[in-house]
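I'd like to ask some things about the structure below.
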Amino acid sequence: MSAQLWVSVVQIGCFFGMVALGYYLVLEGADLFNFALGPFAMFSGLSASWLMAEQGWPLGLAAVLGIVIAAALAVLTEVALVRPIDARTDGGELPSLIAVVAVLFAVEQLAGTLFGRQLRPGRSWLPDTSLDLGPATVDGQTLILIGCTLVSFTGVWLWMRRSKYGRILRAVGGNREAARTLGMPVGRVRLVAFALAGLIVGLAGQLFSAKAGVSFQSGFGWALSGFLALVIGGTGSVWAPLVGGLLLALAQTLVPYYLGSASLDYAVLAIAILFFALRPNGLFVRKVRV
Amino acid sequence: MTGTVLLEGTGLGKSYGGVRAVDGVSLRLSAGEVLGLIGPNGAGKTTLVDLLDGAQPADQGTLSIRGRKLTGPPSRRARSGLARTFQHPHLALDLTVRENILLGAAAPALAGVGGLLRGLAAGAVRPAGKRFDAVVRQVAQALELGDLGRRCGDLTLGEQRLVEVARALAQRPSVLLLDEPFAGADAAGITAIADAVRAVRAEGCGIILVDHNVDVVASLVDRILLLRTGTVVFDGDPAECMASAEMQDVYFGTGGENVVA
Amino acid sequence: MNAVSTTRKAPPGLPGWARSAETGRVLGTLALTLGVIAWAGGDLFRQDLAFLGATYALLALGMYLPFNLAGTLSLAYSAYVAIGGYAVGLVGTKTGWPLPVAYLLGALASAALAVVLGFATRRLSGFYLAAVTMLFGVAFQSFLLDAKDITGGAVGIGSIRPLTFFGGELDRHGFIVLTLLIVWLVAVAIDRIRRSPFGVTLQSSRDVPAAVEAAGVGVPALRLVALGVGAAIASLGGGLFTTANQTIGPDTFTLSLVMLAIFMPLLGGQGSAWGAVLGAVLVVELTFNLQIFERSGSLIFGVAVLAVLLIAPRGILGYTGQAARFLRERLTRTSRTPTEGAGR
C-alpha cells in the first residue's frame, strides 16, 4: 500500500473519530445513539459551502456560522424533541431513536431544499501549505483536520476530568438513577453533551467536506460511519472513538484493496453480530440493564 | 384432591454479588392449600417467587411440580400449570380490562411456535377470540370487575391488582403465586380477591400468597412460611406462627427496624 | 340506533354491533380500494403511483406486527423487499416456473432471514436488533452490487416476463386490480390480527414482556414469528412491484426506504393497520408526486413526521377516530336531551 494511502487513512480516520466522539458524548449523557449527528455535520459543511459560493461570504465567517448552526440543531433536537418524547414515553428506547431518525430525515431534506440537491465542494483552510514527508505529501487541510481532532479529543478528555459538568457527565453515564437521586443536574448535563457533540461534528463536517465535497445526502453515510467507529472502538475511554475511527478507516481502505468491494460490508456485519451476540457486556456496558 | 403434593422445592438459593437473597429454602405446597409467605422487606419473598416461576434462574436447588422437574423460562413453567401476579402490576395500560384478561385465557392456546402460527391464522379469521369469552367473563365476575371495556391505564392501583389476579386465574393454573395482591386494593377488592382465592382452593389449586399484611394472610392461609434474610425461620400453623418466638423476633426483635405495615 | 350503541365500548359477547362495525370497516376499505383502482385507470403515471403506494403499503404492513405492535424494530426491510423483487427477477428470467412461485420463495427466504437475525440478537435490548439489521441492509446492498452472476450487479435484472393468469397474460390494469386487492386483503387480515388474542399478546409483549412470559407465551418465539411474518409480507410487496416494472436493480429498494416505512404508520396512526396504509399513500404523494413538481414534498413530509411525533402521537387515523367519537357523542347527547326534558 502506498504511503499516500496511509495519509488518507489517517484523514478519514480522524473524521470518523470526531463523529464517533459526538456519539460518545450523547451516549454518556443521554443513553442514546444520536444518528442525527451525521446530518448535523453535513448541514455545517453544506451551509458554509453555500454561503461562500452563493453569497460570497469569507471562509472564516461561513465556517463559524456552519459550526454554530450544527450545535444549535443539536440543542434544538434535545430540547424540542428528545426531552418531551422521553418524558411522554417514560424514557423508552425506541421512541427517542425514532425521533432522532426523524430529525435525520428532516435535516437532510431541509438542507436539500435550502442549498440545492447537488454536490458542493468544500474549501481548504490552508490551500497553500503542505508537508512533504518524502514518500507522501500531507496537504494543509489534512494537517488542520488532524490538529483539530487532537485538540477536540484532548479538550473533551480534560473537560471530563477537570470541569464540574464533565465529571457529572461521567457519573451520569455510569449510573443515571443514582446521579438523579443524588440531585445532580442530569437534564442540564444532557443538554451540554448534545451541544458539545453538535460543535464537534460541525467542525468535523467543515473540515471533511473540503476533501470529497458535501451534498444533502452525505449525512446518512457519515452517521453510519461514526456509529460503526464507536461500535469498533467501544466506550471504555474518551479516546476509544478515535481508535475505532482509525481502525474503521484502515479497514475501509485495506479490505476492498485485498478482498473486493463488498467484503468490507460483510466483515462489518459479521463483526457486529459477533460483538453483539457474544459480548453484549463488552462494548456497551451501559446499555445493558441491571 | 387435598393432600397430594403439587409443588416441591429443595435447597433453593440465589445470590446477588455476594448477598444471598434466598439461601437454601425448601418448601412444599399441596393441592387445595394456601401457603402464606411472610417476612419483612428484603427477606427474599419476591425473589423466591421469581425462582419458583422462573423469572430469575436459581443458583442452587431443585423444583418439581407433581413430581416432574420444573425448569426453564416462565413460559414453559406456565404451561406446567403455574401462574403468578407481580408485586407491581404488569398490565398493558393501553389495552382494555378484557384484553388484559384475554392474555391469560388465550396464552395456553398460543404455546409454542405451532400455537403461535395457529393463533396468527385464527386471528385473521376470527379476531374477536370469542372462544375465550366464557373464561374471561367468569373470572371477571368472580373479581367483580364491572365494565371490561375500560383502559387499564385509567384504573386505580387497586383495580389493576384485581385485573392482574383475574389474568392469572384465567390461565386456569394448578399452582397460583400471588405477590402482594392486596397492596393498594380497597376493602371490597380485598374481599373479592380473598373470595376468589378460596374458590380456586376449593377446586384443588395450590396457592402461595406473599404479603406484608399479616392479618389478611393469617385469616386466609393454611400454613405460613416465615422468611428472614433469605432463610425459612418458621414453617407451620398460622396461629402458632403468630405466637412463635421467631415471629416476635423477626418483626419486633432487637435487630429489626422493620415494622409491619 | 347505531349511533347510540357505538358510543359504548363492547362488553364481551355482544356480537351485534361489533359484527356490523367490522362489516362496515371491511366493505368501506374495499370501496376505497376499488376507488383507487378506478382512479388509476389507464393513466400510466397514476398506475406507477398506485404500484409504488401498494409496495410501500405492504412494506409498512410488514413492519406493523413486529414494530408497531410488538415494539421490535428491524431495519433490514429494504433487504426483504429486494429479496422479493430479485426472486421474481430470477424466477422470471432463469426458470419457466410461474411467477407466484417466486412470491412464495421470496417470502420464505425473507422470513427465514428475519428469524435468523432476530435469533442472533434475541437476548439483547431492541436497539441491537435495529443495529444488526441496519448493517445487514448495508451489506445486502453491497451483495447485490457484488454478486454479478446472480443479481446482475449494478445493472440488475431486466426484461422479466409478465404474470400470466389462467393461460393469458395479465395486462397492466389487470395487475393493478390484483395488487391493490392483495394490499386490501393483507391490511384487513393484519388489522383483524391486531384485535385478536394473538395481537393482544403481541401488544402486551411490548409493554409487559414479563407478564406475557408468565402467562405461558415465550416472548422470544413470539417476536420471531412476528418478524418472520412481517418480512414475508414486505417481500411480497417487492415481488409485486418488480412484476409490474419487469425490472429490478440494486438501487430500487435502499435503506432510506426503511426510514420512510418507519414513519408511515406514525403519520397515518398506529392504532390500526389502516394507519400504515394511509401513511404509505401520504408518503407516495409527498416524497414522489409532490417532490417531482414542487421539489419540497420530502421536506413537508419530514416536518410532518416531526410534528406528529411531538404533538399528535396517535397519527391521522387516531385523531379522526377520536373526532368521530366525540361528534357522535355530542349528537346522541343533543338528540337525547329533548326526550328527557319531555319525560319530566
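Lettered A, B and C in written order, each chain numbered from 1.
Everything below uses one rule, namely that a contact is a pair of C-beta atoms (placed from the backbone, for glycine too) under 8 Å apart; a residue touches a chain by one contact, two chains touch by 3 or more.
Worth saying up front: this structure is predicted, and the values here are computed from it rather than measured.
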| item | value |
| --- | --- |
| Chain pair, A-C or B-C, that carries the greater number of C-beta contacts | B-C |
| Central chain (distance from its CA mean to the mean of all protein CA atoms) | C |
| Between chain A and chain B, centroid-to-centroid distance (C-alpha), Å | 49 |
| Centroid distance [mean C-alpha coordinates] between chain C and chain A, Å | 33 |
| Centroid spacing, where centroids are CA-atom means, of chain B and chain C in whole angstrom | 39 |
| Partner chain C, residues of chain B touching it in the complex | 53, 55, 73-76, 78-79, 83-84, 86, 90-96, 98-100, 102-113, 116-117, 119-120, 122-130, 132-133, 136-137, 147-150, 167, 171 |
| Residues on chain C engaged by chain B in the complex (per definition of touch) | 8-13, 15, 18, 22, 189-190, 192-201, 203-204, 206-208, 210-219, 221-222, 225, 229 |
| List of chain A residues in touch with chain C within their complex | 33, 80-81, 84-85, 88, 93-94, 97-99, 101-110, 112-113, 220, 224, 227-228, 231, 260-262, 264-266, 268-269, 272-273, 276-277, 280, 287-289 |
| Touching residues (chain side chain C, partner chain A) in the complex | 71, 73, 120-121, 123-128, 130-132, 134-136, 138-139, 141-143, 145-147, 255-256, 259, 262-263, 266, 295-296, 298-299, 301-303, 305-306, 309-310, 313 |
